[in-house]
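Structures are listed in the sections that come next.
Here come two complexes built around chain A, the first alongside chain B, the second alongside chain C.
Right after this comes the complex of A and B.
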């Protein structure tokens, strides 16, 4: 019994002297080592970037390449010392390319995973559904979508699109070339939801300003799997057929268009969105030979590629045909995924400018991002130089128009940044943080 | 385009839809008719058929016709085997209890869909048509392969009809459908019939998918639409009735083609759904179905 209590109780009572020693020691600990603990957090705790990824659902092909590009960029950033000397950690959550799930993912990444920011969304309906949650949680939300949602001024102060130009700017920049080189009378075929509506609303005025005219607009429900029934609506006098179909049914669309027209076809101008992750030499796509496409960043290696572009392509792991190294059938989403690489470097730049330490500095990060004016072409921005509008949270860059010939896409025209500028419709900096 | 050719194109498109739909819906209808279970995973058997068709066809790159024939043989067999195994492992274990079967086949739906995503990937991949024939009409061009799809579906439907009405297997199936207890009393191995019918239903979906895959691409999410349309067709036509399924598939397919072309695709879907509601209210057993005993 006595033995046992000796184990539990101190052998002697605590003297006043001991207590004073203890207090002094604790005081010393709380002064000097407190500083040490702070420095340690700054040097070693990773910066957590929550990645809202389309791993499944209709965007899965894009999602896979967004993940690969993100992994490559983070590897490069960490190899060069991370952000503010801290390593970057990506925490990926699948949103199923579903708006409702997307909103949940933003909350989960922020509250449960304690991510510093959320990043990486592509499909515009997911962005539009997720943005309010990001605004509510006051977590910076960097999307790589190309939709005209952030730039419309209708999202909130925490949403940014600093890595890829929006659709409105893209079509504004390209309309003069379409009107000047392909034809004046344009018929548009587009998916009947937000992304297609951006094209409908902004291409028509742009081509009108360039001396052309949209003579028919044919919306197609996004779930449609067969298209022949829409083709009789294409007016016979159409000179240019403008198509921006997305989703798995695109090959059907092209094939049926080919069967409908045969060799007697109008000029075709499309967004490569239709054929991202699809081998351009797939059976049935012969009909597209000689037609033109928008590309954010060229899929095929071009003769005049910069060293930065070559290094980026090698880092992401795509060959000269834009397919995964070693698997020619695994075609990339090259026209969009460069935006992931560039956005991550924008985040790095803004976090370093803000002296970002943790979630308490989120407002500082927002202001630091808004202060950015633009980016120079280089290893961090291989697609080209860009102008950033801090009030609209949107970036503007060069667009490529490529011609499909000999089974490859060759860039035939590169727009200037100023070609795609438009009157801003909002100013996020007026909103409270 | 003038009204006449426009209508012709709409009808042709509608017939292609109807052809594929009738095969898929027939599979669903057979399974319900004989086994009295609702197979929610039916659309995934369709998807699996398309994905395996792509796999089979890519074994014969360079010869599209050979690849297509291989797909037409391999795909239904593999899908039939998968269905057979899932019937043995899942449906029989829940003793064909209607509620349990619905939940179990929803589970099966997700397993098959996610397996396809994991092993096949998220891309839409095309299978080359066995022949490339473009028929130039005075007003527009049309795919010769689509006409072949219509013809092939008619032949296959005739074949199923012959099997059901003229063979011993068909007799056994019909006996099981009409009265399970009596069939068992006459020494029909009802249990084995069930497994066979479930596999056959899935094979019909797979054949439909092989036919469609040179027109639409194989994609892991492609099973949802055929499932919904098959349910619509089967409800309108009457569960378990071959003739009803065929007639309803024609009505839905052709009207979808025509309404979608002259009005809007959304209206076509609305009318189809309204038709289901009306049939359920005024003739719950379907146009050609017999009231369940």
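Right after this comes the complex of A and C.
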């Protein structure tokens, strides 16, 4: 038993009474929230929105800013009278950016905290694992994820993504501009998992349709921490290097890519996902100067920002460089977090259209959301106007292509909504409520 | 005499779990359904770690072999749930047989490393074959596929009550299988191997064959848990093949008590609520601090090792109830 002994240290006893006290206290805590009820009449009780947040885990930087954006949006909604005259209350649970915990959190927010709906999370694997729970509990589940999951038609009728576009739409919209402005011969470097595969599967046909071609695809296993050995696979005739690296290894990726190419590099096109919450002027990222990025919403304030965008940025608390007011090192996840703001306003719009009073009206809320056709640009949708496909539960919108120059990302092209639209693969309205 | 007490205790636990379905608020019913399935995973792990003394860091591979074996056949081949469930168990057991033939040539730290490396290969394979598995994102098993219908009976595993009792049946069966193994001659040989492998070999036992059987049974039970997880909760994803899910059953078993039949259940329940409460308590106590619940779990485990070195049930057995299996 040497192996076990190594794990076992000399003990000091805790009395059985102490242990029982602890268990009793734990038991009382566990059941208490389930019995808590509002004393007020339902009409004055808050609308409870369960927020499934990446407070910890690999998505924590996104989670932090999703929380701030959510708090700002709820403050604005409540200041304007709430939803149906009722205040909105956010109840946050940490999903640890873990799919198992994510599913548990949806059940907890619904059954224990008695939330009216669940909303929030970003990482696709958490969304996909949570979707069955939402469907079984028949609780509307509004995600701000950008993954091609809700739009795939393979979730269920209670899942919606009304505040941010999906990756298929994004790459479809941008491929013509890449082909027309950066080059025709594209090499793709992407992480060898679902998010990267979506780029691989949808960008290649889109660039072909635009007159270009993908001449090489280089998947990188997610366990890699050094990338030098993959770079010789990049064909010499490559005109555009399309990169979608996500995670802490991205700084190494850029540094090693710079060492590989020196000053003689192809055009670079990447997704800002790689560098969300990272200072674009960090040491080692100089190689990216002059390259282009996708941004859902621009990180840096633009000269032509609308009044709605200015008000949104002020409400969330980001400066002109996209960092937290007063803390330039706390860089935001601006390209995605606007989706939280807009999704909360979609929820408000749908609840008011449904005359939502409580959980008994969840089916009406689903139908009211499905009936929405689009959103106008304005304080509720500062990123821009949008088209909502009620059958697919997915929104379409504008994409921004920004160039990194002078240490800032400047928007050089904004796609049209129709550029990112595709033939739907599903119709959730055919499913029973 | 102990046999009677042991069987009574185990039946009592099963009856208690059945009763909880009526007593618990709906959220905790769901928690217990999930916990019972995960406790089965821990019980499988306990056969190898607790009773045989082999510390594997690759059991996520067996859990997820069951998960994918069941989930892929339902999703892509439209197989019925019973056949899919058995396929999940078979996949895990067959994989463990193959890997055991290689990994069991090593011992101690080397065994840990070899099992971890095989598990990592399996994890990467689930990502590599993303066309079928959807890799890290995973796939949802549609509600309509999670049904069993025969002779006019209708079992819908997306129904929380049906799911609870399905998890309980699996848990009860595996609990008694574990008890049977522990009390059998085979079980005593496994303990002998754990205590002194060389002496067991000198006594004429085929240590390699017994360890291989222990691994296959352990993996088969873990695979059953994985298959049940896929079919009951409707999600299959590669996160369950990651190293984290090799560490978790070790922690559950250590917390509840290694080489105790009921320890895995206790450890899994306590760990679940430790995670669940720590989020709530910390959010209320220090709302401005961005605590990780895993940090709290880590502190709790350090305290556990200091004050309950044999795990909760192991300590109880050592001090008050030596008849506990």
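Just so we're on the same page, the second predicted complex is superposed on the first by the 390 of 433 C-alpha atoms of A that agree within 3 Å, B and C clash if a C-alpha of one lies under 4 Å from a C-alpha of the other, contacts with A are read in each partner's own complex, and residues count from 1 in each chain.
The rule is simple: a contact is a pair of C-beta atoms (placed from the backbone, for glycine too) under 8 Å apart; a residue touches a chain by one contact, two chains touch by 3 or more.
What you see is a predicted model, and the numbers here were worked out from it, not measured in a lab.
When both complexes are overlaid on chain A, the residue A:56 reaches chain B and chain C alike.
In the superposed pair of complexes, A:228 makes contact with chain B only, with no contact to chain C. Of the two partner chains placed by the overlay, only chain C lies in contact with A:193; chain B stays clear of it. In the superposition on chain A, contact is made by A:155 with chain C only, not with chain B.
Once the two complexes are laid over each other on the shared chain, residue contacts for A:129 go to chain C alone; chain B is not touched. Contact with neither chain B nor chain C is seen for A:44 once the two complexes are overlaid on the shared chain. Residue by residue along chain A, chain B and chain C are tallied for touches, and C comes out ahead. On chain A, the patch touched by chain B and the patch touched by chain C overlap at residues 56, 60, 64, 221, 223.
On the side of chain C, the complex with chain A involves touching residues 24-28, 30-31, 34, 53, 55, 108, 120, 124, 127-128, 130-131, 134-143, 158, 160, 194-195, 233-235, 237-240, 254, 258, 273, 275-277, 279-281, 283, 290-294, 305-310, 315, 319. Of all residues in chain A, only 1, 3-4, 7-14, 26, 29-31, 33-35, 55-56, 60, 64, 92-94, 96, 98-101, 103-104, 107-108, 111-112, 124-125, 128-129, 131-133, 135-136, 147, 149, 154-156, 192-195, 197, 221-223 touch chain C in the complex they form.
Contacts from chain B toward chain A in the complex involve residues 1, 5-6, 9-10, 13, 16-17, 64, 114, 117, 121-126, 128-129, 134, 136, 140-143, 215-217, 219-222, 225, 257, 260-261, 265-266.
Only residues 56-58, 60-61, 63-64, 220-221, 223-226, 228-232, 236, 247-252, 255-256, 259-262, 277-278, 282-284 of chain A touch chain B when the two sit together in their complex.
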